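Note that chain A is present in both complexes that follow, paired respectively with chain B and with chain C.
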Partner chain A sequence: MATVTLTKVGKVYADSAHGSVRAVEAVDLKIHGGEFCVLVGPSGCGKSTTLRMVAGLEEISEGTLEIDGKRVNDLPAKDRDIAFVFQNYALYPHLTVAANIAFGLETRRLHKSGLIAALKGQLSARRDESASIRARVSEVSRTLGLDPLLTRFPRELSGGQRQRVAVGRAIARDPKVFLFDEPLSNLDARLRIETRTELRLLHRRLAATIIYVTHDQEEAMTLADRLVVMHQGRVQQNASAQECYESPANRFVAGFIGTPPMNIVDGNLKDGVFTANGVSISLGAERAPLGARACALGFRPDRVRVVGHHAPQSITATLAAIERLGDRTDLALDTAWGRIVARLDADLAREMREGEAISITFDSEHTHLFEPGECGRRL
Partner chain B sequence: MTLAVVAVLLVTAAFARVITRTVTSGAFADGEIELTVMHWSGEGGQEEDKIVEDSLAEFEAAHPGVRVKRLNPGDAGSFYTKLQTMMAAGEAPDVFYVGYERVANFASLELLRPIDDFVAREASLRTSGDTNTLDLADFYPQTVDAFRFDGRRVGTGSLYGIPKDFTTVGFYYNKDLFQQAGIAFPSRDWTWDDYIAAARALGQLPGITGSEFVTWPVMVRTYLRTEGCEAIDDGLTNIRVDEPAALSALDRLRAWRHDEVGALTSGKSKIATGASVFLGGKVGMAGPFGRWVVPSYRSIPPKSDGGFDWDFAPLPRGNREANCVLTVSWSIARDTPHPEESWKLVKWLTNAKSQAANARLGLAIPTMKSVAEGPAFLDASLPPTNNQGYLDAIPEAVVIGWPSDPTFEQILGSTMDQGLKTGDLSISEAIAAFGQKWDAHVQFVPGGTNPAPVRWGLFAAIGVAIGGLILAGLVLLISRGPRERSTRSEERAGFLLASPWVLGFLLFMAFPILLSFVLSMTNWKGSGPLAGADWVGVDNYTQLLARDGRFHTACRVTAYYAAIAVPGGQLLALLAAIIMSQKVRGIAFFRAAWYLPSVLAGVGVSILWRWIFDSEGGLLNRTLELIGIAGPEWFGKDAALFGPPAFALMSFWLVGGSMIVYLAGLQQIPRDLYEAAEIDGAGPMRRFFRVTLPMLSPVILFNLIMAVIGSFQVFTQAFVMTGGEPGDLTRFYVLYLFNKAFELYDMGYASAMAWILLVVVLIFTGIILRTSARVVYYESLRK
Partner chain C sequence: MKRNPLANAILWLVLILGTAAFAFPLWWMTVVSLETPQRAEAAITGSSGLALFPPSPQFVNYPDAIRETGSVPWMGFVDALANSIVITVLVVVGTVLSSSLVGYAFARLRFRGSRPLFVLMLGTMMLPGQVTMIPLFLLFRQFGWIDTIMPLVVPAFFGSAFFIFMYRQFIAQIPESLVEAARIDGLGHIAIWWRIMLPLCRPVTAICAVFTFIGTWNDFLAPLVYLHSDEQATLAVALNGFKNQYGGLEDVHRLMALSVLTMIPCILLFIAAQKTFVEGLARGAVKG
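Then we have the complex of A and B:
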């Protein structure tokens, strides 16, 4: 249980072709002890680099990294008391599962060489040490259900089993901080969801500080106590998953969090009325103080409602595509505002056919307004 | 399928053409015939080549209807190798050089045509007034007798060639050094005491060594003759070199070479020995050499141009005067289709005009007295002045008789090397070793005294049966294949596309390999048709494994080399690969630099390395000298200990090939693993041993096996640099195999050796594979 604090942390790569490339910029982050913090963002957003800087696998170009209040910028990876789970697991292919789990313990033991221990007359101390390593390995393997696999080699394991061994190797040492770099991305969809839950349970049992990197926002939301959305090397929002979903800090977060993504339409606001491409909808009096300005309107697909033709506050739409998902149905709609996605109860969409014309509307209290631009701030 | 049939037919037709072809060397439409002439031009160089070329051109002009094709493979060694190959193929040249020492061997293998009938006819032609006849009475009799062979010994019997020139031997001396040392030039009747006194006096001069004394078998035997000793009895069967007088004469020579500093060149290594040491002006005398060094010694500038004056003195006397005759003939192939024309050509090439041309070149002494004692030879406008000295030695000069089996000379040479050159054996030990080896060789009569001929019909039948089985199996395999039409036609196309390789493998690899297995149980000599071979069962194998001392030495030398070259080379290659895998500016250059030696040609590189290992003035020993270490005589007297390691050192230069493979292996190791180990607390050493080595283990295994196999196959370097000398101390396995096969013409024996090597390699590879199974990790090998 340790606190990890990043203050103005940045990473600059020297690049002969372009001078230098800034991969991570001024990341401020405080992860509390026992917190499950997920860094999420599209590929190239700097999340993995940030994680690797925390691990000590990348040098920190700017800013400070503290673990439990102690500056560790210049501490080598092995002395930071962290564990890292790699995307490809990075299991030692020539070692058995047991030896893989024990590896970190073996490297840290006091009496590495039996011969030297014998010369020093500390053989019994070494024996005790070996026994405690064995005990720890079996404890870890029991926790993860790896018992029957201990004598196998990684090549004889399935993807999910390998993933558990990688986790086992991480928890064997009981480190202060666990770092996960896209650990589930090599698993198939079903296994990914199962393992997700296991990880969550494991976190609760270990009560460990975890920093977890993924590009999958759904995985991020299900796991995170705290969600850190990153884009272009910067933190876009640092909040709970629910908060990121309900009040995204900017247009990027709004578009990134949530499936299907939020509908966002560029237009103009004047006196609480939003107009785009000649079609206007009133957002209510409480938006009037924002005055007259260019902005983007966002609303989630599940807030879209189908209404009767020519109802007030409605937009005419043509049903371009229907995706029936069982309990609900996603509609792709061509409107004057461009393509809009709506998510309806399956029952409501049962009779709809592609090509049909409908009218839609949404509740103005569930809309979001952002400044123009890719990362336009929430208004 | 049609295409396959056509291809098979074409190949069959081509082979049928080759097999059924009769030796029709030159039946030209207009009645012209072609003679093939082969010679060498070793010491004579381009000038000797030119003399033969011109002489042949004149012959063609004088003999319309005869065309001459001339072959000159280079030096004598290449000449005999090519001659051997041509003879084995039934395509021997019509007329060619034969050195006197090979006559017994060639004649007993029935490769030469006796020419007594032609010589006898010359006399009657002469009486009938022909002026262009050959008269053996004008030749020095020893030179002619050198080419007589009666089926057992040289000197009497049928004549197998006309000597083209000859030489006696003696010492070449540096007149200037003699004057500086204040000693008299050698006199006509100087003795060995005079010789060693002069050498000692010369050795007192700063930076000067008294004399170079080569210990080639023929020179050792000539030296022994000056003390009235022989190496072998007149019957050429019993060794006489172990008689007390011979032993004491050899002990004296050994004492001069080993116990004194400055008198005789240490010259114990092949590098520093030979005629060329005289050229530098740092050696007072050099010999015993014949006339053949004269063309190169004539390149020494006169004293006025910074060179020195030199001359020749015949061999010193011991308790009597003695010398040897070394001579080369023009001989005729036994199976030549044109004996008459060939004889005309031999006469032409040995006539007074040709002999005079050779005499002017300085290379040798004419065999015709009338030419030798005329101006062409005695004219002293060029050094040496003492041309008469060579002729003075003739009355006491004899042809040194060699047993028809060249092994005698080889074994004598290698054991004498150990007694006189490297000195790791005393003279009596060396002689005893010689006796043992020679006895073991003589007593080895493969297949007993009356071996049965090889039943080739049986083997052909077995071969056909095996071939038939394979074919039937293949047909079965194809017919059992998939039923669907499209897959079957695809399969047919596959077999068709693979067929050139398969055919090539069967004809050019599988067939010779199997044939060599059969040959390993015969006494085939490699110079005649296979039908002449006798069946000897496993005699070759038992002789090799149980009694052949040279074979055991070769195995020891090879094992010693492998024990250093394999682990050392692999370690170095791995280290180099790790260094070369660093991401540093310009690393591509360094990688290329490391790899470069591996793409350089073997022979040239070997010659460069010979200079590096030269015990006097070589780069390596000079460098060692700078840091205060007296370098060993790598290929000289220290060859037993340092010879094979020297080759191992040289092999380290070629680790680039292994390095590239390691480099590729290193770059396959996922970076994740290193990072995981780093986080797990492993330092650089632990990462190397726990990640790099295990991940690299399949590559290490591969490289190890290749290196072990390669280490058993050392040939080029040793062949070029030492030729197996001194005293077989650098005679690697394959070098001995080559020696047996292509220098001693014992193909059956050499085939047995090849098969033993194959089995040894298989055993070693098997052991490595077995023992490595637990430590080598294959990621892709799923169980």
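Then we have the complex of A and C:
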């Protein structure tokens, strides 16, 4: 269990064509011992680069990285005591599963190869070490249910099995920090959800510090003790999954976290009344102090309610598409505010037909207001 | 897959003719090696027709040829065989190790000037051997290496441009994450090359080893230039001794017998390595 601290960490790539490219900018992050921290964001947001800087696979251009309070910026990857699970697993194709799991242990053993050991009279020490490596491999393989696969080669395994071997290789060494780079993205949907649960259980059992990178916000939310949302090389929000969902720090986080994504409408606020495209809704007296300004209104699809025609505070909508998901139904609505997505209980939507006109509203206490712009702050 | 029978027949005909064209010299060599001296000479000079089978095979030609190789009976052959084996093994090992190491560096290390260096290295392939022969000879004479195996063996440990290129192309398509995983596992570049890359490059290594083996084993010119004394001669050079020693062609049956013997290792090696070999050639072509 180790604490990982990033202070103003940045990554600049020298690029002869464009001068330089800033991939990661001033990332401040403190990951406590035993915490499951997930970096999430769209591709190119700098999450993988950040992870690779922690691993030592990528040089740190600016700032400080500390593991357990010790500055490790210039420490090579092998000396940082971390384990890395790659997206494509990176299993050694010419080694069996057992040898793959043992590989990291063997390269770290104190007593070198047989011949040198014999010359130095260390043979018995080496034998003890080999025995302890074997014991560790079988312990790990039991934990992950890899026993029947130990003598196989990676090419003989399914995707899910390879993924488990990659995890096994990581835990065999009992490192201070585990780093996962999109480890589930090569698995099919069903297996991904199963493995997600397994990873969560494994985390609890190992009580390990984990930094995990994914672009899948649902995966991120289910796994994370702490969610770090990144965009354009910057941390947008660093909080629990629930907090990111309920009070997103800015418009980007609001739109990224949650499925289906939050409805966000650009418009104007004046005296607590939000107007867009000629249609107004009062957001209540507590929004009045915000004054008159351009802003964006956000509300989650599951906060949308269907009301009777011409009810006060309602918006008229045409049902463009209905997606029935069993327990709930997603509606795509065409309104004066553009396309709005609503999520209803399946029972409420049972009688609805595409093309029908309905009226909708939402509770003003469940709305969010953002400053204009892609990453506009929440007001 | 269904083929037009006529196309099939033509294909077979072409293949049979091609095989015959390549197999005939081998067969003829074997036939002559089993003839009597008179019939062998007649066959070579073309004063008699070609026999597809020798009427009375002279198997004694083989021990005779072995005995007569070099200047010392029996031992001349043993010497030449030993020289050939030592030189060939060293050259093969040297070429595989150095070419794969340099190929790894060109594929995976980013260093200033790596591209110009790579192009320069490829450029050396354009130089015909004849151009470098005399300067190299003068250089090795300065080193005092004439009549030792050094000029034949040492250059192999500095890589061969063609095989470096092959290794580089192969290594470049091995996923970078394997190298990164190895780095995290605590391996340096040399260890990554030895423990990860070399095992994965087996098909390339098979090609490199077989080509280098055949090239070195059959090489006549380089040993002739650098090795002057009888004790240093390789088999290929010793073969030539049959002509010098006796002049003319009266010993051609022995020359052929020793040629057959000399070829055996190459054929065995090719058969043994064939599977890996073809796999590697195919992989080089379609990138797998």
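Quick notes on this one:
By definition in this document, the second predicted complex is superposed on the first by the 379 of 379 C-alpha atoms of A that agree within 3 Å, B and C clash if a C-alpha of one lies under 4 Å from a C-alpha of the other, contacts with A are read in each partner's own complex, and residues count from 1 in each chain.
FYI, a residue touches a chain if its C-beta (ideal position, glycine included) is under 8 Å from a C-beta of that chain, and two chains touch if they have at least 3 such contacts.
This is a predicted model, so every value here is computed, not measured.
Judged by the touch definition given at the top, the superposed model places A:K78 against both chain B and chain C.
By the touch criterion stated above, A:G104 is placed in contact with chain B and with chain C alike.
Within the superposed three-chain model, A:A55 lies in touch with chain B and with chain C [touch as defined at top]. Of the two partner chains, chain B is the only one that A:R155 touches; chain C does not reach it. Applying the stated contact rule after C-alpha superposition, one finds that A:N88 touches each of chain B and chain C.
Chain A residues 55-57, 76-78, 82-84, 86, 88, 90, 92-94, 103-104, 107-108 lie at the interface with chain B in one structure and with chain C in the other. For chain A in complex with chain B, the touching residues are 55-57, 76-78, 82-84, 86, 88, 90, 92-94, 103-104, 107-108, 155-156, 169, 173. Taken in their complex, chain B has these residues touching chain A: 670, 672-673, 675-682, 686, 690-691, 694-695, 697, 777, 779, 781-783. Within the complex, the chain C residues that touch chain A are 175, 177-178, 180-187, 191, 196, 199-200.
Interface residues of chain A facing chain C in the complex, by the touch rule stated above, are 55-57, 76-78, 82-84, 86-88, 90, 92-94, 103-104, 107-108.
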